[in-house]
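Each in structure tokens, the structures are laid out below.
Below are two complexes that have chain A in common, paired first with chain B and then with chain C.
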Partner chain A sequence: MNNTLKILSCYSADTAGVCSILYELGGMVVVHDASGCNSTYSTHDEPRWNKKPSNIFISALTERDAIMGNDAGFIENVSSAAKDLKPKFICICGSPMPALIGTDFTALAEEIEINTSIPCFSVATTGTYSYIQGAGEALLQYIKKFCIFKKKNHNTVNILGFTPLDFYINGQLERIVKLFADNGINVNFIGKYCEDILCASVNLVISQSGLKAAKYMWENYNIPYMCGIPIGEKLSELILKIQNIQSPTFIERNTEKSDLYIIGESIFSQSLSYAIELETGLKSGIIYPLENEGLKTAPADFTTESEEETENFLSLNAKKIIADPIYKNIAPKNAVFHDLPHFAFSGRCYEHIIPNLICNSNALKELIK
Partner chain B sequence: MLKKSELNNPISITLDKAQGFAFFKSALEYNPPTRGGWNIVHTGMLLPEAHEIFVCPQGCLRGVILTAAEMNALDRLSSVVVSEDEMFNGTLENNLINGTADILNRLDKTPKAVLLYVSCIHLFTGCDMENVIETLQDRFPEIDFTDCYMTPTMREEITPDVKMRIQLYSLIKPLKENKKAVTLIGNDLSPDRESEIFELLKEFDFRDIHYCTKYEDYLSLGESSIFITTRPNAKPAGETLAQRLERRHLYLPVSFDFENIENNYTILCNALDIEKPDFKDKKTIAESALDKALNIISDTPIVIDFLAVARPFELALLLTKHGFNVKYIIADALNAEEKESFCKLKELRSDIEIFSSLSVNMIKKVKTNDKKILSIGQKGAFYFETDCFVNMVYEDGLYGYHAISRLSELMVDAFLNPKDRNTVLKYKGHFCSTCLN
Partner chain C sequence: MIKIAIYGKGGIGKSTVCSNISVALAKKGVKVMQIGCDPKADSTILLHKGEKLPSIMEEYTKKGTALSLDDIVFIGEEGVICCETGGPPPGTGCAGRGIINSLERLEKLSAYKIYKPDIVIFDVLGDVVCGGFSMPMRKGYAQKVYVVTSSEKMSRYACANISMALENFKGRGYAELGGYILNKSTSPSDRDSLNELCKDFNTQIIGEISYDPIIKSAEENDTTIIHSYPDTTVAEQFKNIAEKIYA
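And now, the complex of A and B:
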């Protein structure tokens, strides 16, 4: 069956994606869910929770609220908290129970905005999709709500799709920013998003979470985007040419066959695969357990729907695997396994060994040694 | 910034103004990074040779899977992911059965028992759990199944925590009664072997799920003539089990009141039909330990939280009576069992400030003018930003006079030897194994 996990973890959910991508923007995010359900996010999805607090709360939905449809209570509680904390904006999103009872979050957001005079928007989450859906939609809604086009700022790149779920807080974002800054390119990144994000000349999409916003900006503001991450030095050099692109640009690999497989987030995996090829000549295939829409895949790649499919594919095709250590549980016994922890998958379990591969060829070679 | 008194969501009230059982109105909630409490995954893992299967949407699964992963027990937990479509197309129950069957067919080793956890949506859609369990039992007769509930939305009726304890013992069948067998049930932490209760039970066959290494050991608890519970969240489990097996249940709540402690031992001795020993020496030792601690800690402000002890007001009363300066208590509600202590404490120290553990404004933590604060509990350590804290959860399993003696020692140790709270507080499930560095 496609929906069973004998021993693997599951990826962070859509609600976590919303919270994660909006975390540093000075707002208040409220997930409409039961008391205690925010513990999953704050424990397993958010490494910044203790060091850099953010207004992420749970509505503490009860059975009475669910049965009686206590929307007024929700509006009152969100408004009351916002009046105390004075966030720049409010974002509300749902979980399985509100989905089941058909909560109208768009209407709730309008009411809250009227009540508080603080901009409020909703993201349609149900707790049944991956963090990519939630983060992607939240970023898009944020841009639509707050960002205004004035005039084009040439030589400025937006970095879209950063969350610690894909880029652990071990200096990865900082290295990406430094890469551009050192080469005289202005950078907008999460935490510094401002209303002139629509004025950038180009977007660098570093995870699927940023792709929806990038497509929107391309279609409506003619800002081209490139999907890729500057992993290792050679790929970093290619990504620096981003200012020259005129239309959406993707990493194009042509791996026909390989016994080396990478499992992970799609843009990260494609970048890693290509970086390995550039640095060592070694070609690799990718197994996609998450969304990969809109990307160019290679013939050797495989989009998996389940744990069982992944296990079978690995047993038939992989002799070397680069993936989160939890995947070791379904890897062929004789395969060489290279640990590459993914926070959105294994949370805190292996956070101490997550490498920073950005602009770093040595770390990349160490990974596949 | 708003003043404390102007907040819509207050963070505290003084004891003299506290009334009723809920101190703060229901509102949005913050989640502090204090991870010592156990959840239903940890508790379920106490059942030897059992496998946990969670059937929930992705958002609900994430926390339980990673709980198991962090405690190095991922091989004892599997899951069935519920999709959005399933919530509406009438397949929820069939997928619950078929998904569970699929997992059991794929496991390398057949478990002796399965704890099958469903979520809020199953209850709200009227999933027939009796039918689910019966169907699975028919398909896998060699496995014992029980239904468990990760239903936090339902906390107004019976909390998932209380329900979990009831279900954990639901697979015990009545066996021929062994008059000497006495079982403590419902506690997450292993019992305190130095407690006087063990002295009372030395001629008896004392049992606890923590001592069970095989499923058969667990089943043999069905021989017990008496089941004891000591914490409020375990009481319904004790009552349910004793009623089902037609045995005796004793609720001997963990207490920091000398009279209550003595009363518990009287009840137990009567039930065991033994003469009650004189615990005067134990009481003297406990009082000496408190005096010794007071000499060192002096008037340093103390904060007590409800995660550390089930009866924070009772503990506060004990410490206050012995001269300690209990200044703060973190508790969102009053445990009805300590109402009397609460009222007595109010008379002695009406200025004690009660803090919410969940208020959105607690995100800013608590600012005081105190130079040093000693916390009994993790939440106090976090909110009051003190490294001088007793890393205690659920009384650490301590019981009786010994609990008071030991807590006094731990308070001194915490006062003299600060801990790195950011490291200590991150570990999930107090005393569980962990993969975290």
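And now, the complex of A and C:
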């Protein structure tokens, strides 16, 4: 029962990741799931729902459809809606029920594409993994399906991995874009429909959700990538050197021991930890509750999905903690706790106090005051 | 790399056929990987002197994402690479999902890239009763499906069902029907009734296994015919089938 969450919330699911990362790309996303679940993906996990329209649907899968394997009904409904809405693309993905009955989404996507003549791809979500997996796979499939290499545009950067699940919608993305624009670097892709992703000279990966796509573009198109977020001013200056990188570049911290711990999304936490070190000299460790595959971790870091292990680790090691306020419930009573809400974890509960630390050293110092 | 799947009615001798084909090919220098797709996890038992291997689902339940290929892939008789998907205990859980999860896990762990088999043989439990059991015949998995059957009515019925599923999935780029393997060792069998089925599905009997007490004897001794009785007619029949499959 190590992975039972008794007190903590769980992170948004893979399906939410798919909907979120494709939200502004002009497509139509259909989650094969029971009716009623659409509010989770398209409103609870999506702060843009009342600001920008997006085509996100649920197939309203019934028990009878599941038992009888009614693929034909799903294909017909998706095709019919797509013919009316004429989206740029269709993405279909699954939930626990289709995962159990073994729905072949690759085959269904092919049939829908033939029916509608609209590009269709699938993401094999099950609803049981984190949003990182869904978002990461959806972005990769999108790039594979649509993006073509024409010619390399020097001095251009793609920003990979933006979703409000990690960055909310309080101007963080806009500040990253402005940082590059102010320094004469063109931003090519920020999560809006773009066929020229493969023409950028470098990729900035701002969350683990963008890493799969970055790796693919490095291995197949020789586009190097840097994992990091311009938190505070000093780290922003380092990130601006992105145009000089020739190969994958990661934040490298060497924290051996610390009583300050950060809990959160892996690339965000590494960037925050490094930014704090650059600005104040304070070293910190990280607890990774989500995927950190492919990143460079420090000796003081700890990876776990388990609430029990997190609680034990904090009680033995942490005197100061930076994390979503929900973690306060398992933090040692005498630890100093700095609130850093994470939308993918606590949703709208603390959205009004999510800080914008991008290029802002004062906000960073305020956070750890 | 060739990938094939062996289907057929429960108890018809799929695992015996698979294991003997695996050893016959391995003896000729072919690198074979046999993957049992059955919660009982006993497909490769004859390749391991009766010893049951830890299954993917069993190990995945214990180790989660820390699961490695060393936990689930084992080398059996004649160097055959063996693996069992396993699944839930009888009457619980979902065996079909167990197969899906296990085969996805093998892909994720790059099993085929690391072991580089010349042929992968999926030994699949029974009939195509749900989505999970169709997994080994999907695009990217087996290119051809062979059905083990006797001429007995229920066995032909299962054989027709499997053939029908392949026919229905033609448009999806699934596996093709490679042919039938007539197993005469379980019941007295004639070719005529099976020939009729061949006509219906435009396929052929690629080989047959005769009745011979040595089959039972080899099984009792937890070994293959190819190993224990290499110079017999039955061993020759297995070798012929193996050759046709790996032509």
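FYI, the second predicted complex is superposed on the first by the 365 of 369 C-alpha atoms of A that agree within 3 Å, B and C clash if a C-alpha of one lies under 4 Å from a C-alpha of the other, contacts with A are read in each partner's own complex, and residues count from 1 in each chain.
One rule holds in what follows: contacts are C-beta pairs under 8 Å (C-beta built on N, C-alpha and C of every residue); 3 or more make two chains touch, one makes a residue touch a chain.
The shown structure was predicted, so the numbers you read here are calculated from the model rather than taken from an experiment.
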First (chain B), second (chain C), both or neither touched by A:Lys83: first
First, second, both or neither for A:Ile148, with chain B first and chain C second: neither
Which partner, chain B or chain C, touches more chain A residues: B
First, second, both or neither for A:Ser35, with chain B first and chain C second: first
First, second, both or neither for A:Ser59, with chain B first and chain C second: first
Contacts of A:Ala181 with chain B and chain C, given as first, second, both or neither: neither
Chain B versus chain C as contact partner of A:Met68, first or second or both or neither: neither
Which of chain B and chain C A:Tyr11 touches, first, second, both or neither: first
Partner chain in contact with A:Glu111 - chain B first, chain C second, else both or neither: second
Doubly contacted chain A residues - partners chain C and chain B: 99-101
Contacting residues of chain A [partner chain B, same complex]: 1, 3-7, 9-16, 30, 33-45, 49-50, 53, 55, 57-64, 66, 73, 77-78, 80-81, 83-85, 95-97, 99-101, 126-130, 308, 326, 329, 346-349, 352
Chain C contact footprint on chain A (complex, rising order): 69, 99-104, 106-107, 110-111, 124
Chain A-facing residues of chain B, complex: 2, 7-9, 26-31, 33, 35, 57-63, 65-66, 69-70, 74-75, 78-84, 87-88, 95, 98-99, 102-103, 106-107, 119-121, 124-125, 152-157, 358, 360-361, 363-364, 422, 426, 428, 435-437
Residue ranges of chain C touching chain A (in the complex, touch as defined): 94, 96-97, 100, 104, 130-132, 134-135, 138-139, 169, 171-174
